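Each in structure tokens, the structures are laid out below.
You will see chain A twice below: alongside chain B first, and alongside chain C after that.
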Partner chain A sequence: MNVRSRRYALAGAATLATLGVIAVLAPWLAPYDPGERVGPPFARPTPTHPLGTNDVGQDLLSELIVGTQVSLLVGTVAAVAATVLGTLVGVLAGYARGWVDTVLMRAVDVVLALPVLPLTIVIGVFFGPGLLTQISVIASVIWAGVARELRAQVLSLREREHVQALRVMGAGGVYVLSRHVLPAVAPLVVPQFVLATKTAILLEASLAFLGLGDVTAKSWGTMLSIGYARSAFLTDAWLWWIIPPGLAVALTVMAFAVFGYALEERSRPALRDASRPWPRPRQSPRPDRAAPAAPALLVEDLAVHYRSDRGAVTALDGVSLSVAAGELVGLIGESGSGKSTLAAAALGLLPPAATVTEGRILVTGRDLATLSAPELRSTRGGRVGLIPQEAMSALNPVRTVGSQLAEAVRAHRTLDQEQTRARVEELLALVGLDPDWAKAHPHQLSGGMRQRVVIALALAGDPAVVVADEPTSGLDVLTQAEVLAVLVRLSRELNLALLVVSHDLPMIERIADRIAVLHAGRLVETGPAADLLAAPRHPHTRSLVEAAPRLRVRVPGGPR
Partner chain B sequence: MALRVGQYALVLAVAATINFALPHLAPGDPITYLYGGTEQGLTPAQIDELGAQYGLDRPLIEQYGAFWSGLVQGDLGISVEHRQPVVDVLAEHLPWTLALVGVSTGLSVLLGTLLGAWAAWRWGTRRDTAAVLSVLAADAMPGFWIAMVLIAVFAVQLGWFPSYGATSIDASGAAWLTEVAQRMALPAATLVIASLGGFFLLSRAAMVTVLDEPFVRRARAAGLRDRRVALRHALPNALLPVYTNLTLALGAVLSGAVVVETVFAYPGLGRLIFDAVTVRDYPLLQGAFLVVTVGIVLANLVADLTYPLLDPRVRRARPALEPA
Partner chain C sequence: MTAPVLAVEGLTVSFRGRAGPVRAVTDVDLTVRAGETVGLVGGSGAGKSTVARAVAGLVRPERGAIRVDGVDLAGLGRSATRRLRRQLHLVFQDPYAALPPTRRVADVVAEPLAIHRIGDRAERQRRVADALAAVRLDASRYLSSFPHQLSGGERQRVAFARALVTRPRLILADEPAQMLDASLRVAFIDLISELARDRGVAVVHITHDLALTERPCDRLVVMQAGHVVEQGPTAELLDRPRHPYTAALVAAASGAPIPRGAQ
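And now, the complex of A and B:
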């Protein structure tokens, strides 16, 4: 749990604890018995009755304090019942699967589809007002949400290796369930319970407001119901009769919501580790432009640090690298070596946790750090293009190939519709695709074709430099060769400065003019591909070369 | 799709069966529930006679069959309070609820989704936190309370809006429309505030996930403006889970409508349900419950049928797109 969500969890828990104490001590805290007539009816606030009195002269402050009991009681008891039922159903359905799952989840879906409040009203009316009715009615509609959530959790748990291993070894269902599944699910039940309580308290207030509460045990909802019936909200009395109980409900529900939200954020790593917004480009006072003869991509003495919970982590340290026009440089490194950080830095797309602590990156002679936001944007795609990792999902699934290409073209040039269309067709032809594919959606294309489209997208703004980050990941061997051939051909035809980042040395050695080896954030060796492979100097390079399988498939157009 | 339709049919069947079963399960005499009983001034002899007349002495399964055949013919019984067929009473009030819930859901979806996407774009920043906390606070307030506070402030203190009803009798034409809009403003605002939270959290979570997708990064790498990346790449994909979860949201808005219409004396189904609760008009209450359920199911069906417009991946296979 990060600092912030811990703080929220704490604030929520503290509020709830205070409310709990008030509920328990209510009989002693309340200045009067809320059931007694202690003043004139409809009295305005006075020192003896800080919130005035209601229509029969009962003290409103005492009602508010004692009301905490009923609201919390109904809320928590209903939520406990719903959570127990929901957990049983969810765990059983998720664990048993098959027809048990089908039947149970159909029931859950049906309950979830029914309108909550009208359903509780209909049941509540038939069984008459009262605490027990309220509790069972509320529990009977909110268990389904708990069941659905827990079933999903159990299903994913079931696929975990240790549970699967136990089953393979013949462990009994009850044993696995009670010793391995339930303990793992238990922490996930807590946020569900908290959210169920929140819903239950709001439902209780609504039911009480509609006159379906227990008239003998007044809750905040009952207070509001009577206040509404006596039109307190049309007079000044709204300030002391309507506002306080509503705020009390809101505060309680909010405390549960914040607490549950913090817990959920903890239990859902997907939510916690998700991407953050990107950083603004650093504005450093270094206006110098490199000499015109500079290489298309020049990385000088680059150091990048990541902030993390355990302090700064160095991703890149003193990396210098250049790629000239028409040159194909392969950057080799294992995962975690910093190669993807280098690729991101070349486009000014580092995640916010990363900082460039030293050095600079020059793209066609322009230092990325000195560029304003619009300049940086036009540099991306216009001067340096990216062929990203996971190319299979690098296309927007809901838009056509053509519209994405057209958009990338228009980001850098003002063209009319006809010119844009022509350029899109030209780009598709460039990567060896028929122009008709512009009308297709990404899912209609094969993996290799999608990768070609991604290459076309990287070229849309006519960049001088292209960075390809693991361009063949997720493709089969034959498609890999095809895609590499396209890359090599384009780098020659368009005189591109192409930096190919990969962990795959055999692949890189087939296409690269020069190879750079990155190890633990440092560039350990750089040199012409043939020299480097024939006589690796650094021990790390040597081990890489020795580990690589010697099977040569010539890529057409690659280095001789 | 057939599976979804079957699921919806099941929901309706269960809702109808709940309606049938409740009078028999609840303590007391079904006649009391169905026709008002002694409270309506019936003598025990009349009650027995009514029981025989309506077949309450027949086996339960036969009664269930009769209940269904009546339902299929649109017979929901007679309202005790209004002394006319439940169907007619509902038909009279339904348009107002449709208008109010339609406008509120539309606004709520729009605001909640955009605000959620906006917050996701600023994930983890102060503005994101502020948005989440405000939305959780709005979500924590009971709808009927928001309604009373809005009336107290905007109708009573400031006098900007009328506090009750849906229209006035003497207005017509354009004046009528203005009147309707004015009177819908506060109830709709209440419903939007009370139901925004679900959409916000859903859209924020979806957007955070989508922003992590490689295609968003690629779009940025192509040099697109942030706004374009957000609106044309991330949002259309983040909308998909929001759209498929319309059930949750619509249920919330409809539940809100019951209490909100009550406070504003809005002549819709919600107010009707409240009145039916007050006078214990059981047939009317059951009919209203059924109609609300049908409404939710229909809305979901529409959402299912229109989903392929948003997501090309589930569109029916077109003639193979092969290069010439």
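And now, the complex of A and C:
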């Protein structure tokens, strides 16, 4: 949560706390009994009656204070009922699926489709005025939203492997729901409840204003209703009769809304930090001195730190690495070694929490730190391309392969339709795919073909440098071999500087000219692939070489 | 020879597709004996995970029998199925997704005991400690950790300890090392097969990478497009693959360099 939304949330919480205290202590705070005639009717504000009196001479300030109690009570009780019902329906529909889901969700659809206010009026008139009517009417129209929200959460939770694992262990539905599903959705129920209360209070005011409130227990809405009916607008009585309860409703609804959205934001980390600005990389102290024969990708003495709760964490420290045109360098590192940070840095795509504290990255001789944001954008894709690790999530599932490639092509060059199509076909041919696949959607392709499309996307801007982050993860060994062959061929045919980042030494050793070994943020060894494998110098490299899963070399069909 | 712990006969599974049902698995036979580790291998889409999910009861077979310790899963009522579930466990591929994120290791590993209401507090604690020791995790260090505080390898060991805690007869491991760093994979698979041998557990190890089967697996069953195309003792099958698909898998796993300029 950023500072501003936290400040809003605090203000909302403080307002709600104050209102809560007023509601609870209302009988003692109110100077008069709001049911008693304590002055002349239609009195203007005086020191004894700061908001004047109503048409029968009851104290309006006392009515306002006691009205807080009624409004909050109706709102809260209705919201509790709606949240409980909505949670039950949502969780049940999401977990049971099948016909239960169909029946429940059609009911939800019906409720959501009906216009709320006319519906509440019809039901309210049918059952007659009163607090209970108000509560049940309000609850019956707002539970559906809660149900739909929670069902979506439960549906996705249900397919998570740790919930499936429980079913494999033989856990029944009651066990899974009570021990795992409900606790997991509970943090979402709280904001849903707060937001439901907001809606309930607003609806209560509307219903009461239309005369469906209880005249013996006046809420703010009832005050408004009576004030309006007793011609408060004909004199300036509206100033003290209509404005205060109106403001009270507005303030309460706003406080609930602000507090509720803040809670919702906190329970869904994905909504957080979306607005955080992209920090500019620190300017390199050294001047840009690009030599003409510089390698396509040059990382010099790079250090990257991450901000974290426990202070700065070093991800990379003094890393120097170069990849020449036409060269295929494999960067080997285990999880946590900093290899993904290095890949991101080479693309100028470090996450916001990371800072380059030392060193520089030159792509075709240009220092990434000295580039402006638009220059950096055109460098990405245009000079350096990325082959990301999850092909399926890197592609847009609802658009054809061709349109995604065309978009990538046009991002860097202005081409007409015909030229774009020719370039898309050229790209598909480069990765060994028939041009007809341009019309296909990603889900119609096999894993290996999707990975080829992702490679074609990386090549769309004709980059000199390509970084491949675990390009074969999630592919089976046969498909891996195909994709690796494509990468090797491209690095030669297009004279690409190709940096392949992986934890998989047996994969890297099949394709790399040189191998660099990253361990705990430092480059421990770099060398030609064959030398490094035959005679690893660093103990970490040695343990990687020894632990790598390999079949003993076999002669097909021969004896052991 | 002892009776097999797992006997699958003529297993056929179909999924609903847009254009009618799609066969994922056709007429698969598979037997695994106590203490034996069988590698179920094949490329993606071969149907190997579907076999495991059918045995674990996550998908319903169209035809065929699945017997665990001689008892056919199909003919059982609800509570008998639940009791039988105690005898088998499925270890998932992704150790990040397979553990509930809000539970401590002690509760994660004890969960199967809670589900089946096995043992009192002391008994459960003893079993959890025993299971963690079996996967070489120091109980005193890990019991109160949350999954997100552990490395991928540690998490997968916790998942495996959870599989061991009810002392099952059969463990299905679906690409259990796929998400681990390459250098940790061999050690993890070796640990599984070693425990299988020591404790007389039958293990089905599902993988696409034959390099992970050579040492731990006693036998291999090769699947392609839903069918078993070849099976036999590991060494024999790796040395003399008869089916071209097996030969291709062996070639891919042997790590031959990919020549420059070749397609």
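The rule is short, and it goes like this: the second predicted complex is superposed on the first by the 365 of 560 C-alpha atoms of A that agree within 3 Å, B and C clash if a C-alpha of one lies under 4 Å from a C-alpha of the other, contacts with A are read in each partner's own complex, and residues count from 1 in each chain.
The rule we apply is simple: a contact is a pair of C-beta atoms (placed from the backbone, for glycine too) under 8 Å apart; a residue touches a chain by one contact, two chains touch by 3 or more.
If you're wondering where the values come from, they're calculated on a predicted model, not measured in any experiment.
J.: For A:Ile22, decide between first (touching chain B), second (touching chain C), both and neither.
T.: Neither partner.
J.: May I ask you to decide whether A:Ser335 touches chain B, chain C, both, or neither, giving the answer as first, second, both or neither?
T.: Once the two structures are laid over each other on A, A:Ser335 reaches chain C alone.
J.: Kindly classify A:Met449 by the partners it touches after superposition: chain B alone (first), chain C alone (second), both, or neither?
T.: In the superposed model, A:Met449 contacts neither chain B nor chain C.
J.: Tell me the contact category for A:His180 with respect to chain B and chain C: first, second, both or neither.
T.: It touches chain C, and chain B stays clear.
J.: After lining up the shared chain so the two structures overlap, which partner does A:Leu349 touch, if you call chain B first and chain C second: first, second, both or neither?
T.: A:Leu349 contacts chain B only, not chain C.
J.: Looking only at chain A, is it chain B or chain C that touches more of its residues?
T.: B
J.: After superposition on the shared chain, which partner residues are touched by A:Val70: those of chain B (first), chain C (second), both, or neither?
T.: neither
J.: Once the shared chain is lined up, is A:Phe126 touching chain B (first), chain C (second), both, or neither of them?
T.: A:Phe126 sits against chain B, while chain C stays out of touch.
J.: Now for A:Ala113: first (chain B), second (chain C), both, or neither, which partner does it touch?
T.: Only chain B is touched by A:Ala113; chain C is not.
J.: Chain C touches which residues of chain A in the complex?
T.: Going by the criterion above, the answer is residues 160-172, 175, 180, 183-184, 334-336, 432, 446-447, 475-481, 484-486, 488-489, 492, 503-507, 509-511, 543-544, 547-554, 556-560.
J.: So in the complex, the part of chain B that touches chain A is made up of which residues?
T.: 7-8, 10-11, 14-15, 18-19, 22-23, 25-27, 33, 121-125, 129, 132-133, 136-137, 139-145, 148-149, 151-152, 156, 163, 205, 208-209, 211-215, 217-225, 228, 232-233, 236-237, 240, 247-248, 251-252, 254-256, 258-259, 262-263, 273-274, 277-278, 280, 282, 285-286, 288-289, 292-293, 296-297, 300, 310-313, 321-324
J.: Using the touch definition from the top, list the residues of chain A that touch chain B in their complex.
T.: Where chain A meets chain B, its residues are 4, 106, 109-110, 112-119, 121-123, 125-128, 198, 202, 205-206, 209-212, 221, 224, 227-228, 233-235, 238, 242-243, 245-246, 249-254, 257-258, 261, 270-271, 274-278, 347, 349, 377-382, 385-386, 388-391, 393-399, 404, 407-408, 411-412, 433-437, 439-441, 443-444, 454, 457-458, 460-461.
J.: Which residues of chain C touch chain A once you look at their complex with the stated criterion?
T.: Those residues of chain C that touch chain A are 42-45, 56-58, 81-83, 85-86, 89-90, 92, 94, 97-102, 111-112, 115-116, 151-152, 159, 162, 166, 181-187, 208-212, 214, 235, 238-241, 247-263.
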